[in-house]
């Protein structure tokens, strides 16, 4: 049984419909890539999952109906979010950002700073003054520290230097193999996604248009839905 | 009888901080009207929210829309200054049940303006006079820094013959008096005079009592009136204050007033209630002889002040402000209620100094 | 070779104990795209901020077209021809795309003290703005409110506003960030054409774009320029590979 | 959009029709009430240039309202007592002419706005709210304790000042004058909001960094807006004093500043007619509820609460069915 | 003026400052930390004072009165938060201003309706009234010393809560980005309700404690409200330390200004004019202080620099 499951989900921004028919599944320990051009509804799907946007349709996590839960209850079921645009708590220090919502588990201050040594150096700096990439590390660390069962990464490597990006991809691969955490990942680099993801889901205009194993993602499909 | 009805416009403070005073004036006034048994006196009451511009608007409404003949009700001097000059200029009679700013008593006096309470300086002057008789020789005096406060200190100094150990203006609305109390303690004064109306006086007295300074205090009645006294509590007991009226003044009108007010409203009347009551009775007495349709005669009837006031003898001076006795009262506890007892006369048949400037 | 259009000399900035910019000397020559790359927190954005004047350096100078502008506030530098785009879009979100572009044109004119005629009816302002929108491909969205634009469109609008200023140098902080694969491609070809108009100082982590566009690359590490050179030189530089690119780049 | 235009037209019609009706049925107080609403509307439209367009939430605009009021009070006082006004070596005669008084009110409140604005614009957000409050309070306490012009008692003027060609003592004529000023101010606001200056001001509110990077001086744009705003509010102050034939320090109080802000929010921030509708509705409520009971302010509070909770974008937002331009 | 009087006045200024902090403490939490403009804070202060006066009148116990003050204000706070404020977190600050202004009207007149127009009686308890003699022969009211103690304890407690505890971190995170902290699994709505209730309870406590030496009347909260905002802004929004220091600065300025400015003016003016001018300036002193601080440091003494 899949950990996260969306069936025919629709969602609106006020009067404007943004999701028309999204279906996707993420199983325990699986990495799923959510792909699509700019503005096709990837972030909106994430918001629907995290209950930041009201949505209709079947949305379950670990068998529980998400549509009835407020945002924090959904998160407490074990969903960890690295949001688009980082959204660090600007006036809090790096440490405070990390521990604000931490829950016990293998990810703690030590393991996160081992992953991003840069954060240990900037521990007492307020997040608002960090460089763009440093903020991105905070956002990832913050989500990890909630020790989620499903980690959602929305453009988590945006603005990161190639070296760090590599490290993040390696970390994702490690998380997948070592902890069995499921991962839903959105990223603009198909090559990187291809290395870590098991399966891919492609959105176009708010609809799921393609689902399949990563190696079934042929250049034709890519060209048609992603523009490559 | 024959002199037709009268329409009275009452603008007074019924909401917000100063509401207690306005409510008492209104209730006293309406009580007298009711007791007179006359159904040809119509009273229109409006709330000025203690805002001068609102009071001005209401006066306009009373005059233009309600077409009243007589106006009354204003509690605060600054509102009176905003309303009275133009109302009297438009030929309306104004009977002041409380405020008596000096500007309206001296050069700014008007034949249509009658003050039925006091000129603002009066109670302070009485306090100064009382301080002399009590043998005080060195007073520390304080009041808020605004016209009424400045008038208060002037009034006290006018009568007080001793020296001043200190003279301080506090902020309007100030709530903490530790600094002033320390100054009093250090000043070597043998008496303290203060004029701090409303909550300011409550704060001052409580803090003064708590400070351990035991120099005797005198002040005008405003901080020791029935309504406010319960909030000051023990701290006020024994303080001498000056007033033209007291619940225990021994005259039949007053006894009847106190009893009927209590019966009607279930509380003891205050100074303001007595002023409202007297104002109405003045009006009623004048209506016996003339109505506002004959302004000349009506003014004369008012000026005669031929009514039984709750404070005993009452007459108007040349500027149509009261000439009356002002008493010294002491705060006591009576059946568990804080109240005042008259202990003597501070000033007899007292008028005001501004009358000389009034060309009426 | 002509004089460089933009040049920094010994720029230095520290935040407490942290040296964010350490004696940075570099220049941008006419017709070139000069890329600045480096690890996160190396000081690239801080450098841009000092060049455009929103952050005062501790010491060092910035020269534009031979003129020392170090003491000038940001807006005067903008008037003299420094146009920047933001790493995070900074647009008047309630205004339309056209109004945002007109604001740029107004900036180029320099005087906002006109109180009566509608700004979008002013021929000159409107022409400049529309020309810029046309070039970035946003002209069809002129009446759309900026808040309703997608991420990529906002980046295009950023560039359009810079275009209305007809600057001497463009300063661009991560223009590809958040763009999808096709969006990046479009942006890359657009910037490629732009360099003939005015040179570009480009900060970017997208190495495909950098290697495709840059005439020269400077590598910043811990606030210090560790190498400057052509694409090929930088690609093969050992230090750069270990500090930034990784071995398999 | 269309509905908002209709709403504005309806408001204008009412502003003409109601006093006209009052004139016919001889209800002069209704005219006075309408005049009060119109003057408040002028002050609030003035504030809205700073607050709505420039995002400068000034809790000290009563300072300008009061300065305008005292400009009228002092000049008329000197005229009515025939004592010339001496400022240092300068000796000026008082005046009872509205145009002169208006000019004085606008110049003095403009100068005050320039000074206050220069100092206050160093701050932003809540700090700006509070520093403008501080300046307002300084004027308030000064006026209370300054004995020359009546201190807390204020200053009464016996006869309303004159305007060439009008008998201002006739309520409808004075009303017409005030309405004329309001229309002028609204027209100015309409043009200003669309002008290059308005564009820059609007952008300076939304994205201050952006304005600087296109080479414009956003702070100066805001300062000019603040001064224009102060000038208009000052003019309204002079009219208000003339309406009451009276000025008092309460015109400087923070409650006054607060009320101006309330008018704007109640009507709809950054809407052309928001402050007008807000002021009219507030004055009307005050009048209608005032007679209901001693505790009428409770009803007023409840009504205001309902508006904020259920009508985002104020009354204009509610009635025109469009959400607030900014949130 | 004797040295001992000067020392005593400085002490009065400090004391007044701590009292101001006590009055501002709840607001520091609600406005300073949570970033909510709550004009009705003064009403919560008033609710506390009235509840205390009512309970003290019936039971005669000051401690019970304090408990009642905190309880009543906290309940009022929870009601206000859940019924009104909660809908306005996302809204413009200006909507909060209008809504809480409306609440002031409702609270004030509602209280007047329930308790009448005259001030109520609330006095210091007998065990804390009267003066004590401090070293140096200064006589000082016992109750005020107690107020200083409570004020400092509240300051320390709040400081720890906000900077040291996870709840404090979460509150501040919520002020930055409510949606995000919720998406990380923190029940920010409940947390905010609790914090709001705590802020309200502190306001109620201050109302009762300070009400005992001032007057308990309708409208007592409004001057306090303005003062409390001044204090927080001078200190820098969000900083507890700043609020305490701001309060003490305001206390000293107000007390010493009132005493010394008239004296200073007497040096070169006629006494009557000097007293009037000095007093006039003294009443403006705290606003001049706030203006000067903000011109010098646009985000207050300890506020976050932009």
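To keep things simple, chains are lettered A, B, C, D and E as they appear, and every chain counts its residues starting from 1.
Please note the rule applied: a contact is a pair of C-beta atoms (placed from the backbone, for glycine too) under 8 Å apart; a residue touches a chain by one contact, two chains touch by 3 or more.
Here's who's who by UniProt: A, C = ABC transporter ATP-binding protein; D, E = Branched-chain amino acid ABC transporter permease.
Worth saying up front: this structure is predicted, and the values here are computed from it rather than measured.
Participant: What is the set of chains touching both subunit D and subunit E?
Facilitator: A chain counts here if it touches both subunit D and subunit E, which gives B.
Participant: Give the label of the chain whose average Cα location is farthest from that of subunit C.
Facilitator: The chain farthest from subunit C, judged by C-alpha centres, is B.
Participant: With centres defined by CA atoms only, which chain is the most remote from subunit D?
Facilitator: Centre of mass proxy via C-alpha means gives A as farthest from subunit D.
Participant: Per the centroid of Cα atoms for each chain, what is the distance between subunit B and subunit D, given in Å?
Facilitator: Here the centre of subunit D sits 36 Å away from the centre of subunit B.
Participant: Please compute the C-alpha centroid of subunit C, do the same for subunit E, then give the distance between them in whole Å.
Facilitator: Result: the chain centres lie 48 Å from each other.
Participant: Could you work out how far the Cα centre of subunit C sits from that of subunit D, in whole Å?
Facilitator: About 44 Å, centre to centre.
Participant: How far is the middle of subunit A from the middle of subunit D, if each middle is the mean of its Cα atoms, in Å?
Facilitator: Here the centre of subunit D sits 51 Å away from the centre of subunit A.
Participant: What positions in subunit E touch 2 or more of the other chains?
Facilitator: Touching at least two other chains: 108-109, 112, 276, 279-280, 283.
Participant: Of all the residues in subunit D, which ones touch at least 2 other chains?
Facilitator: Subunit D, residues with two or more chain partners: 141, 144-145, 147, 295-297, 326.
Participant: Multi-chain contacts in subunit A: which residues touch at least two other chains?
Facilitator: There are none in subunit A.
Participant: Quick one: which chain pairs are touching?
Facilitator: Once each pair is checked, the touching ones are A-C, A-E, B-D, B-E, C-D, D-E.
Participant: For a test of understanding, state which residues of subunit C touch subunit A in their complex under the given definition.
Facilitator: 15, 37-42, 44-45, 87-88, 150-152, 174, 177-185, 205, 207, 243-246, 248-249
Participant: Given the complex with subunit E, which residues does subunit A contribute to the contact?
Facilitator: 50-52, 70-73, 75-76, 80-81, 83, 87, 89-92, 96-97, 99-101, 103, 126, 142-143, 146
Participant: Taking the complex as given, what residues does subunit E use to touch subunit D?
Facilitator: Against subunit D, subunit E makes touches at 37, 84, 87-88, 90-95, 97-99, 101-106, 108-110, 112-113, 226, 229-230, 233, 237, 276, 279-280, 283-284, 287-288, 290-291, 294-295, 298-300, 303, 306.
Participant: Which subunit E residues qualify as touching subunit A in the complex?
Facilitator: Contact set of subunit E toward subunit A: 166, 169-170, 172-173, 175-177, 179-189, 238, 304.
Participant: Over in the complex, which subunit C residues touch subunit D? Could you list them?
Facilitator: Residue list for subunit C touching subunit D: 52, 54, 73-76, 78-79, 83-84, 86, 90-95, 99-100, 102-104, 106-108, 110, 112-120, 122, 125, 161, 164-165.
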